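Just dropping this structure here.
Letters A, B, C and D mark the chains in the order given here, with residues in each chain numbered from 1 onward.
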Amino acid sequence: MTDVYIIGTDMIRFGRFPDRSVPDIGAEAALLALDDAGLSIGDIQALYCGNLLEANAAVGQRILHLIGQTGIPVVNCANACATGATAFRLGWMDIKSGLHDLVLCVGAEKMGKGLIGSDRKPDGISTEGLLGSNTMPTIFSTLGMEHTRKWGTTLEQFARVSVKNHHHSTLNPKAMYQTETPLEDVLSSEMISYPNTKLMCSVNVDGSAAAVLASEKKVRELGLMGRAVKVRASVMTSDPYTEHDLVLPDFSTCTRLAARQAYEMAGIGPDEVDLVELHDCFATAEILHYENLFLCEEGEAGELIDRMDTYLGGRIPVNVSGGLLSKGHPLGATGIANIYEVTTHLRGEAGRRQVEGARIGLTHVVGLGNACAIHVLEKTD
Amino acid sequence: MTDVYIIGTDMIRFGRFPDRSVPDIGAEAALLALDDAGLSIGDIQALYCGNLLEANAAVGQRILHLIGQTGIPVVNCANACATGATAFRLGWMDIKSGLHDLVLCVGAEKMGKGLIGSDRKPDGISTEGLLGSNTMPTIFSTLGMEHTRKWGTTLEQFARVSVKNHHHSTLNPKAMYQTETPLEDVLSSEMISYPNTKLMCSVNVDGSAAAVLASEKKVRELGLMGRAVKVRASVMTSDPYTEHDLVLPDFSTCTRLAARQAYEMAGIGPDEVDLVELHDCFATAEILHYENLFLCEEGEAGELIDRMDTYLGGRIPVNVSGGLLSKGHPLGATGIANIYEVTTHLRGEAGRRQVEGARIGLTHVVGLGNACAIHVLEKTD
Amino acid sequence: MQSPTPRTVVDFLKYGEDGSLYLEGHRCRDCGAVYFGRRSTCSKCFSRSRMDAVAAPPRGHLYAYTIVHRSFPGVETPFIHAVVDVEGGGALRGTLLGVPPDPDDIEMGMPISITFEDAGQTDREGNRYMTYFFRPA
Amino acid sequence: MQSPTPRTVVDFLKYGEDGSLYLEGHRCRDCGAVYFGRRSTCSKCFSRSRMDAVAAPPRGHLYAYTIVHRSFPGVETPFIHAVVDVEGGGALRGTLLGVPPDPDDIEMGMPISITFEDAGQTDREGNRYMTYFFRPA
């Protein structure tokens, strides 16, 4: 099987675009990624499009209607918060299969404001508050408390994740927010669901990101090997049976399964990773994923953030983009945006937030359902 | 690249299941297909799930929650009426890539009653009736009239498609309707959108279908080559730029493009195909696709149906299952259900509607957006 | 007191400087394709930012049609859904008036005049709307 | 005139033959996994049609929780969202009552009693509903 390379990638600055459509912002990211590769839509042989909230509305084809109708195969996919990463992985699989040499992956999303989740009414009455809660913060807060139960993780440790990611975002011009949030501010912001305060919840924003993938042969043919980034591993998992999964979605087991497979496919250990963009949809989630991705021993995630090991300049920088907490979390775009971030570092083009000497990076997303996706990317020489 | 085989496939009888969920009917088809292959969900390495109307609701994972949570990768895809075929193609691509040897593809849909389409309100007023119509019948009826303009196709010729497909359905115990509808009945049923009467519109039903795909190595290892069916071609296209496409969706150009590629990939000509299941969402559509799939010369589709060439027993039987017009059209399931139909004939297991001596079959779906998918299947010896 | 200028039902139906309505097309400087609706990239030849706004002549020819008998609840039927090739390039879909809704009375290719008329509906805020119709020329 | 028996808020909260409420679990005959809600196949070991309906004891232990301060509009907060391991197998989520919504007052692992109470809401047709709550044992 051929190796697969990223030869172009970009994202729009995340924000709120009430007057623009999903295909419109998707088209913008697609053109930016094509420009980054020096290609035209006419060169592309297939499109993989990730969008969640208009998943049944042919977003991929509508993007082509805006930038060039070439008749190429289009797949629209949806996988909760792993939607964008799923589109990327399908593009990777396409090239692996030998079907095409050049494909485009786009993720785009326009989010509503407010809480994500639904107030389902089985048999006609609202169960919110009656059978616990159906909101997203509830799930990730309960999982945080599960961690507290096992390892004594403190409110302050969870909160420090937000302090870090908001700090990182001040170095990222494409982040939605770019403001320092000291620990006192994080702790004193509105409590959403204990222990997550408002500043410990990811930001609902609109956004898009795209990547152009190529086979090794095509990269050489185009003379793009210098700036190309190699996909060393692409892994997806769903949630295996575990005791609480059906009442308390278990994002840890599927992440660990994916991480083990990804390290094996890449032929590396966690200690060889230079930077990580992981799924910090809530501050509590980042703590869990330090351990799930084997960045530290079980139960040591609290200490990892206390020691500032995951800051830019630390032992293993995590979410130097600002993460979902500060860069923002447009569901369908997130998985490709974190691939853009890691690629930018591996190219040495990340400016003030550059992780010095980065050679290998890992991206991780995991969504309710569950769908987990991990990619390991490597600098080429 | 390995060849890819269908080693298990089945569908539920299409109908209306108000008390069952989409994952529930999807799980039933999945288990039926696994039974057909003699496998357990524990043997499956990846799941590709097609569903349109709950495309953002993790249908694939919810199916696994019902039949076995093994942690395998799950992709949920949506591509209008090509949704099921897209899931099938992704499974095919997965095995082609060498990633896995055994994957499951499921399509499931629960449809509302009534017209599909939306009454969009740009700037606040309803445009239905004001700027023409936004219903699905409108599109396919206008395309029928375009054919009439070019080739003089008559109302009766369009109607004969419905007579044929309803006739075929009387031989298919899994069809929603199994009733003869003589020409007078078709013509005298309620006019929906000229020239399509109610009996010339596909049936909104609930349904599900599934297929297990395997690499050649795995088929041999399992000793299943006898009943296995080989995927000779898998092709998808979107709508290339054509003059009217943005105001009158052009399902012909993308179908012709896909058909040419499919015949080339399979290394056969249209004359080598023994049966076809094509996208008869409306009677007018089937007429167009006779020509688009090169089953006859341009402009001769009307004569083809007049001569009864596409009847069971005719030169090239089309939609012997009863088609979308009579078997029913649960959007996400349709693309896999027509693969089930052709597979059943290639296995010689189609009972009263068996196309005698069938060795090669072709399936076609095309959905608004556009997304077209064609698969060419071949009997193994 | 004067009533405010009605809005238009689609963004490419615009008021000119003299207050009269026209259809705004976008013509690709490279390949000549004409689109109705905002757009910066050409879907046919992919060239970017080479779109010239043009006022389309309000006439064309009937390309294809259907007679809609069943529509969404509350919509009066039958009516004629038509696709018209606009003179000078581009195509529009809309409602054809001034002809009986009968295939015997509708001729493919017939010359069409595009007229600008009150939509006969107001939105929730009470705004009036102008729309376009097709009529035999 | 007697008022009709209230409905139940989830299908696994059932009336027994004596008219009292109980939680119906489904236990896999092959691996012992317990599920709440209808099911014919075991998600853990994949065995089919080997599910035995069992009446779960109305007690267990607190596995994890959060205190919900922001909910959907109109829902009273704060309240405690809890996950409880049910005695004999299986887990439920629900609302924990009888404890202040303060982490200092909630002990992980504490014994829980599952009580059946009126939901305090009616549906559009005026039907009353019974639900379950968690309370300290």
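As a convention for this text, a residue touches a chain if its C-beta (ideal position, glycine included) is under 8 Å from a C-beta of that chain, and two chains touch if they have at least 3 such contacts.
Keep in mind that what you see is a predicted model, and the values were worked out from it rather than measured.
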Considering A-C alongside A-D, which chain pair is linked by more C-beta pairs in contact?
A-D
Rounded to the nearest Å, the gap separating the Cα centres of chain A and chain D is 34
Could you put a whole-Å number on the gap between the CA centroids of chain B and chain D?
43
Between chain C and chain D, what is the separation of their C-alpha centroids in Å?
58
Find every residue in chain A that makes contact with two or more other chains and list them.
64-65, 68-69, 241, 246
Which positions in chain D are in touch with at least two other chains?
43-44
Full set of chain pairs in contact is A-B, A-C, A-D, B-C, B-D
Using the touch rule from the top, collect the residues of chain A that touch chain B in their complex.
1, 47, 52-53, 55-56, 58, 60-62, 64-65, 68-80, 86, 90, 93-94, 96-99, 235-241, 245-246, 253-254, 257, 367-371
Touching residues of chain D toward chain A in the complex: what are they?
7-11, 33, 35, 43-44, 63-72, 75-77, 79, 81-83, 85, 91-95, 103, 108-109, 119, 121-125, 127, 129, 131-132
Can you check the complex and tell me which residues of chain A touch chain D?
115, 117, 119, 122-135, 137-138, 141-146, 149, 190-195, 241, 243-244, 246-248
Provide the residue numbers of chain B that touch chain D in the complex, in ascending order.
27, 31, 40-42, 64-69
Please output the residues of chain D touching chain B within their complex, sorted ascending.
39, 41-44, 46, 48
